[in-house]
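Written below as structure tokens is the structure these notes are about.
Labels run A, B, C and D following the written order; every chain starts at residue 1.
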Amino acid sequence: MFQISLYTALGLSIAGLLFRIYRFQKKGSSGTLKLKLSLNLKPAFFNTIFQSKLFYASKTRWAVHFLVFSGFIYLVFFHALDEWIAFNLFQSYQPTLDPFQFLRDFAGFLVLIGCSGFLLRRILNTWINPDNTTNYKGLFPIILILLVMGSGFMLETIKIISEPVFLEMVEDYSDIDEDTDLDHLKIYWETHYQVRFKKDILITEEALEHGRRLNTDYCLDCHSKIKSAFISKALATQLDKPANFLNYYRADNWLYPIHYLLSFLMLVSLPFSRFFHILLIPFASAQQKMTVRHFQEKAVSIHPATFSACTNCGLCSAVCSVYPNFLITGNKQILPHFKIESARKMMAVAHLNPKKLNQLQLGNDDCTLCHHCTDICPSGIDLQGIWQTLPQTLHKMGYPDNYTFVKDTALQERENKEWEKEQADRAYDLTQNLTGRVYSFENCVQCTVCTNVCPVVAYGGNDNDMTPQQIMNLLRLGKKQTAAGTRMVWNCLTCYMCQEHCPSEIKVADIIIELRNISNQTTDSLKIMGAADKADK
Amino acid sequence: MKDKKQITCDITVIGAGFAGMVAAARASDLGLKTVQTGNSSHLYFASGLFDFLGVYPLGSRTPIEDPRTGLELLQKEMPDHPYSKTSLETILKSFDFLARFLHSTGLNYVKPDKDNRSVLTAAGTFKPTCMMPETISKGGLLKKDTPLLLIDFKGLEGFCAGQIAAVLKKNHPYIFTLSVEVPGESGNLNPTYLATLFEDSSFLKNLATQISPFSNKVKLVGMPAVCGINKSLDILTRLEKMTGLDIFEIPMMPPSIPGLRLKNAFEKKLAGNHVHFLSQTKITSPQFNGSEFILNAVNQNMETQIRSKGIILATGRFPGGGLHAKRGCIQETVFNLPVYQPDERSLWHHLNFFEKQGHMINTAGVETDIVFRPVDTHGAVIYENLYAVGTLLAHNDWVRLKSGSGVSAVSAVTAVNDFYKKNTAGL
Amino acid sequence: MKLAYFPGCKINFYLKDYDTSFQSLMEKLGVDLIQLPFNCCGYPARSTNFEVSVFSAIRNFALARKYDLDIITPCKCCFGQLKYAAYQWHENKKLKQKMECLLADENIFWDGKTKITHLLSFLYNDIGVLELKKKIDHKLPEKKIVTQYGCHALRPFTITGFDNPHAPRIFEELINITGFKTVEWSKSTECCGNPIYETNKSLSLKILNSKLTAALEAGADHICTACTHCQIQYNELSFQKECQKHKITPVLFTQILGAALGIKKEKLI
Amino acid sequence: METDVFIIGGGVTGTGIARDLTLRGLSVILVEKGDLNAGASGGNHGLLHSGARYVCSDPEAAIECAAEVKILKKNAAHCIEETGGLFVAVKGDKENYIADFPDMCKKSGIPSEFIDPKEAREMEPSLSDETIAAYKVNDASINPFKLSIENINDAVSRDACYLSHTKVESLKIENKTIVYARVRNQISGKTDKIKAKTYVNAAGAWAGNIAVMAGIHINMVFSKGTLLVTNNRIAKRVINRLRKPTDGDILVPGGVVSILGTTSVRIKSPDNIYPTVKEVDDIISEGEKMIPELKACRYIRAYAGVRPLVSMGSGNDREVSRGFTLLDHEKDQVNNFITITGGKLSTYRLMAEKASDIVCKKHQISMNCRTKTIPLPSTHSGEWSEPGVLATDLFKPNTQKDPFLCECEMVPTSAINTVIHSIKKNGGTSDLSSIALRTRVGKGPCQGTFCSMRILSHLYDTGEMTNQTGINDLKYFLNERWKGERSLLWGQALVQSSLKEMIHCGLFGLELIEK
């Protein structure tokens, strides 16, 4: 029974692993995101064993996380795999002997504290959390661990109080045959090992004394006192009353499979749940980070597996340079830990909700490539690398940046769109509204000085359409949207030469910049409309 | 709440047009601590030619040969004209100062000789002027019947060699034209960019090769005034060497490159002389506390309080913003000085745009005493150390008289000199 | 003297040596820089969303205000943007109200008093050229160098008030004390082309090239920058084929001044 | 030259008649001493009256209008902008007029709908807050230049012949019929005889002068109207002052500008008229009561037209009927000569129809008028006369290939070339003025400061011009512009014109050039 479930679990888990890897490779081969072999192992090692990056990012989080990590590792080697590891390492190893008996409990204890820490944080600061789906995804492993631990401790407790288990041990490890000796040992174990027996035996000094001697003879050298298993002991004292009942039904026998089945469930879910980050973080941290030169040479490639290393801790968003953009526009897709989630989905299923993708494109446009997110990411993901490659991918999928979008849409299309009205109605009172007020451009005397000092006009060549002063004229002629769509407006360097040189002191550059604002809003609404249409289809 | 600042100085020049620049130049030259406000970009409208007196009396069919004789007559007949407040030598002195100052910046002007020179313009007409950049000077020596090559550039609007040739045909039968294509430029070429191209030697070579074939037909070559922005003379001489021909520039519509050269020359040098320049800054609520002026120089983000002994008002006319015309009347914009002007708007302009007598509005302006200090209606000086110079001055239709630069220069220099004389003791 | 150090976004990843050299220069001049969790100056958002751009800047001001510090930045873009935002904040009541509400949500505020200064204006106005000159102990060789005034500090003058926008001087004066000799060139106040590098690379590089040619015509060995973006743009030299033909190298002002002040090389890169 | 019908005058009426007759199969020659719309057809609001304006002063004219407008909106839609119109009264306007207005409209069958002043101000934010009453009517704006150009083009396409700059010098009369007309080309000076069966005098304000050549006296009354063009479009709709028609009480949107008018001044002769400073001031001070913005806004130019009215002997010209006058001179002992004058832009088609009917009667042609039914075709040479047209439909993404010659109104080189082509096709000369007539050139804020020079040099470049007349052409063109500017030169307009003077007099010294 145990064997079967163990091997099926192992099989499943390995199959899953292979499946994930296969998927990654397939995605990897698709365009910009290629597999990259150049590894740097040092950071990978430290970040895996000591979670160094998390340590720099947030001490408390590191502490909590490390409790779970260390405790869990111990249990894996000195409890789950003791037959292969513990016994071979220490000849004297016995799960029931100190220090191992104590350490096991202690490790379990650490894991418990850690996990409750996780839960606590998740309950406390909810804003940092992504939407519910990932929330649940984050919870699943924690619950599972807690269950495993719980079942483990229960199992131990039950064994402690169980009479049958006691008798079996007596069978196996002693040659006591007289009832009196057995009774005395029972007395001793009842008092010192908290075993609960069906019928009470009256306790006498010498019986107890005799029991102690028997215990030293037969038991002590492979079964330490249970006070070292401090948690189970505590539990055992709680289970005083139902003890007989439990013993009668041999609770230990059916608790044991629950325990290992839960553990096997963990094993199976490894490739498919948040557990996966245990393997992915080392991998991600091992990936070589992008440098300026990479981008210059456009030799950027992110391994898709790194996307999945994200644990949605949200630390990146807390340090994001364009966080204020999110505060005003409210587009979640500006924040890194949302972006990577959608990016991951996009990689997984190419047909993500168009609205979402559009949002992602718009959000990602705001990124200033300040590298803060990559610096802080505890999973060691090269986030900036991703942001920098994302536009190409999105463009391929039909979500170009605004510049390209405007370049490819005919100017006539921009005039007299229904949204133009609402945009006109939307009071520009928060901006200077230079484009809306005649006096800001009517003083133009057509001297073309602005045009003459404009570097874009000078070097733009065939890429030019309108000159700055023609933009002023377009505005006078009431063609705001046309003006907003011109190459001039979008190629403008914002070098303010025109404005500084204008004899009529017209705020030429400010006007052009405001036009680009308007054009961006126009483009956004065009895109959103387009995305909505796509979504309907 | 704007950024507040305080400056104290000897003299403040309000206005960064031609007159303003001359005043600032003179002041800094005399070692006065100078602050200048205004918008220097109006120099883009300057032809780069310095007129003395081109036409007198108004209505005469032809320009005058010798400005001196014209001046004498003018001083007799127009006692209110700025020139009548000064003397020939002062005028020549100020021209001389101007030439020296500009020379020190590497912008060479030819010294005026006795007679006016008539410079060929883009319209094919001749403009009587007194001083001109050396790059233009050879155009002022244009003799009848001299074989001439005119160059224009494809895409440079408002300048066509054929047009000038057609207009000149009567007196200059031997004119060849050449339309140069600028490599890699299909469409509209603006003068400034074209001028920067001249600073690229490969472009120059290319141009030379296109001109050279004419070297056996002509001696003289005329081209639009776009021959480089910096070191224009060097570039021109290099081109002359390459082609073995005499070459001159022809001034054209604004934005004018000779004007731009002036702008750069003045700005660089004045900045070097530590003239504190507040660009695009307006003077509001000027006050006089008996000993010094307290000016509020305001722009978008800065509010600078200037405490200054003297003020040179060189704000120009309507384009410069020195004068503002309401529907009914004309006002001076900074000190709201009394403005001499026609009685009603119907008198401002003639029916004929090209009226030789000129439009009455062009004689409007600020009236001053002999050192160009504004006077009130009774002819009394308004402020001891307030001077008005340049086109702001009344009774000077500079457009028709072709006397713009002359009046600006002489008034600016005289004013600064006067201030200097009176106040050096205190400095 | 204490100042809040506003590095700007790009410096961290693209131009670490500017970061380090700037910091060690300030250390040398006895200025201690306080690192605050600043966000983007808002310049990039200026052409997409006016409100965002202003708010980003104001949020930084508020942050500095929290510690009662004035801000210094080595980046001309950031300088210009922060100035610009401050101006808008003072001009535009409605905008101001909205910003104040948003700040209140994070319980910070700004009273509009925080000053923003750029490296150059700081050295020129607050330290003073003569003061610096005294400190210089490692005169540099007389190399010909041209200056690159970044656009956004210089223009619009009526907002930044950095220096005479048509004939600026302070950069030259500051460089000339190091021993390097500045030479006149036509394009010192013109844009480097970086703002459109991402969107219209070819044009951006054309502009860069035109500047390099002009610099060579002027006979310069180096181009000196005091702006993150300009330097990043000039660093293109080493990536772009068409630029490599120009025998001219961009240098950071902080590095040459640092060297002149005798700061060790490794603290400058 | 010989033809069926000889038409004098290239205004909307003349061109309208030309089209009407060619549609009825007659051959036509049309002469114009200047160029298209040189007279009142060019010097008006470009307003397509709903008729409401005349409901009290002249009801039958009002009814005429209403009927005609319907037809035009159907047939000449591409020359018309359906702006809709408002009649608004402000504090101090005559209460009883306001009160009677709706019934009077009803009487003449003109739809008008009362709107609450507040609502009116929402529709037209520029309206004064002292607005006390407002009525909605279906006025529209029409582009008279395009109208004439399209009319004549359509006629020419049916082998009509249009001679511009051709003046009628005399009419030769033998036994009660005109035998031929002697005409002189104003530019070349060549004279020519034109024989025709019928002679139509559509010379508008100059109809009297023509009639005299046939020894007929028409008692013409000339009423000058001055109008102002603003720098930008101030109102979406036509805005009329709700009161007895008088000065400065209509604001008509013309594409991207607004046109404010008008005055009515009795003058002796229709020749060389120009807007005076006083008129301009009057118009503005009246207009600003209705729309305060008009006080501060920048004006580009002013122009004047002459209303040719045939007097019924009374005093105020506004009393004289705006209905047209059609005279068959048979009663004056000249059988093949008719005169059509007066009337309004809105009713030009009707005038043309009525005139043509008589002509056809004389030619024993039974065919009825077809302009009622056949729409006016749209040709390309017309569209450049439309304000801001380029910026909308004809915007070329890359003007590098096709630079603007006129920056203010964005007229590219290609447009100038097409126009030059069409001028030459109609036997005209491609000089600045005739290009300006057919395009927006020189109509923008700079009023020819820069475009004049640019286009001139383009003409030389392309070899359209070779002799030295160019400078005189330039001077003439600038002076024409000047007539429109001088009366409203203050503020920024004055700045612009001083710049113009600096360039063309200061630098080029054009004032010293002799003809």
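Throughout what follows, a contact is a pair of C-beta atoms (placed from the backbone, for glycine too) under 8 Å apart; a residue touches a chain by one contact, two chains touch by 3 or more.
No experiment lies behind these values; they were computed from the predicted model shown.
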>> Contact counts by the stated rule: is the higher one at A-B or A-C?
In response: A-C
>> I'd like the Å distance between the centres of chain A and chain B, where a centre is the mean of that chain's Cα atoms.
In response: 69
> Taking each chain's centre as the mean position of its Cα atoms, how many Å separate chain B from chain C?
Replying inline: 37
> Hey, how far is the Cα centre of chain A from the one of chain D, in Å?
Replying inline: 74
> Residue numbers in chain C touching 2 or more other chains?
Replying inline: 156-157, 165-166
>> Could you pull out the residues of chain B that touch at least 2 other chains?
In response: 45, 186-187, 196, 254, 279-280, 319
>> Please output the residue numbers of chain A that touch at least 2 other chains, ranges allowed.
In response: 445, 447-448, 458, 461-462, 464, 500
> Taking all chains into account, which pairs touch?
Replying inline: A-B, A-C, A-D, B-C, B-D
>> Which stretch or stretches of chain A touch chain B in the complex?
In response: 445, 447-449, 451-453, 457-458, 461-462, 464, 500-503, 505
> Inside the complex, what are the residues of chain A that reach chain C?
Replying inline: 292-293, 296-297, 319-325, 327-329, 365-366, 368-372, 375, 384, 401-403, 429-432, 455-456, 458-461, 463, 490-497, 499-500, 507, 509-510, 513-514, 516-517, 520-521
> Which chain B residues qualify as touching chain D in the complex?
Replying inline: 45, 47, 54-55, 61-63, 121-128, 155, 157-160, 162-163, 166-167, 169-170, 179, 186-188, 251, 253-254, 317-319, 324-327, 344-346, 348-356, 359, 361-362, 398-400, 402, 404
> Which residues of chain C touch chain A in their complex?
Replying inline: 9-10, 12-14, 37, 39-40, 42, 44-52, 55-56, 59, 88, 91-92, 94-95, 98, 102, 105, 151-152, 154-157, 165-166, 190-191, 193, 195-196, 199-200, 202-203, 206-207, 210, 235-236, 239
> Any idea which chain A residues touch chain D in the complex?
Replying inline: 410-412, 415, 438, 442-448, 461-462, 464-466, 469-470, 473-474, 476-479, 482, 487, 504
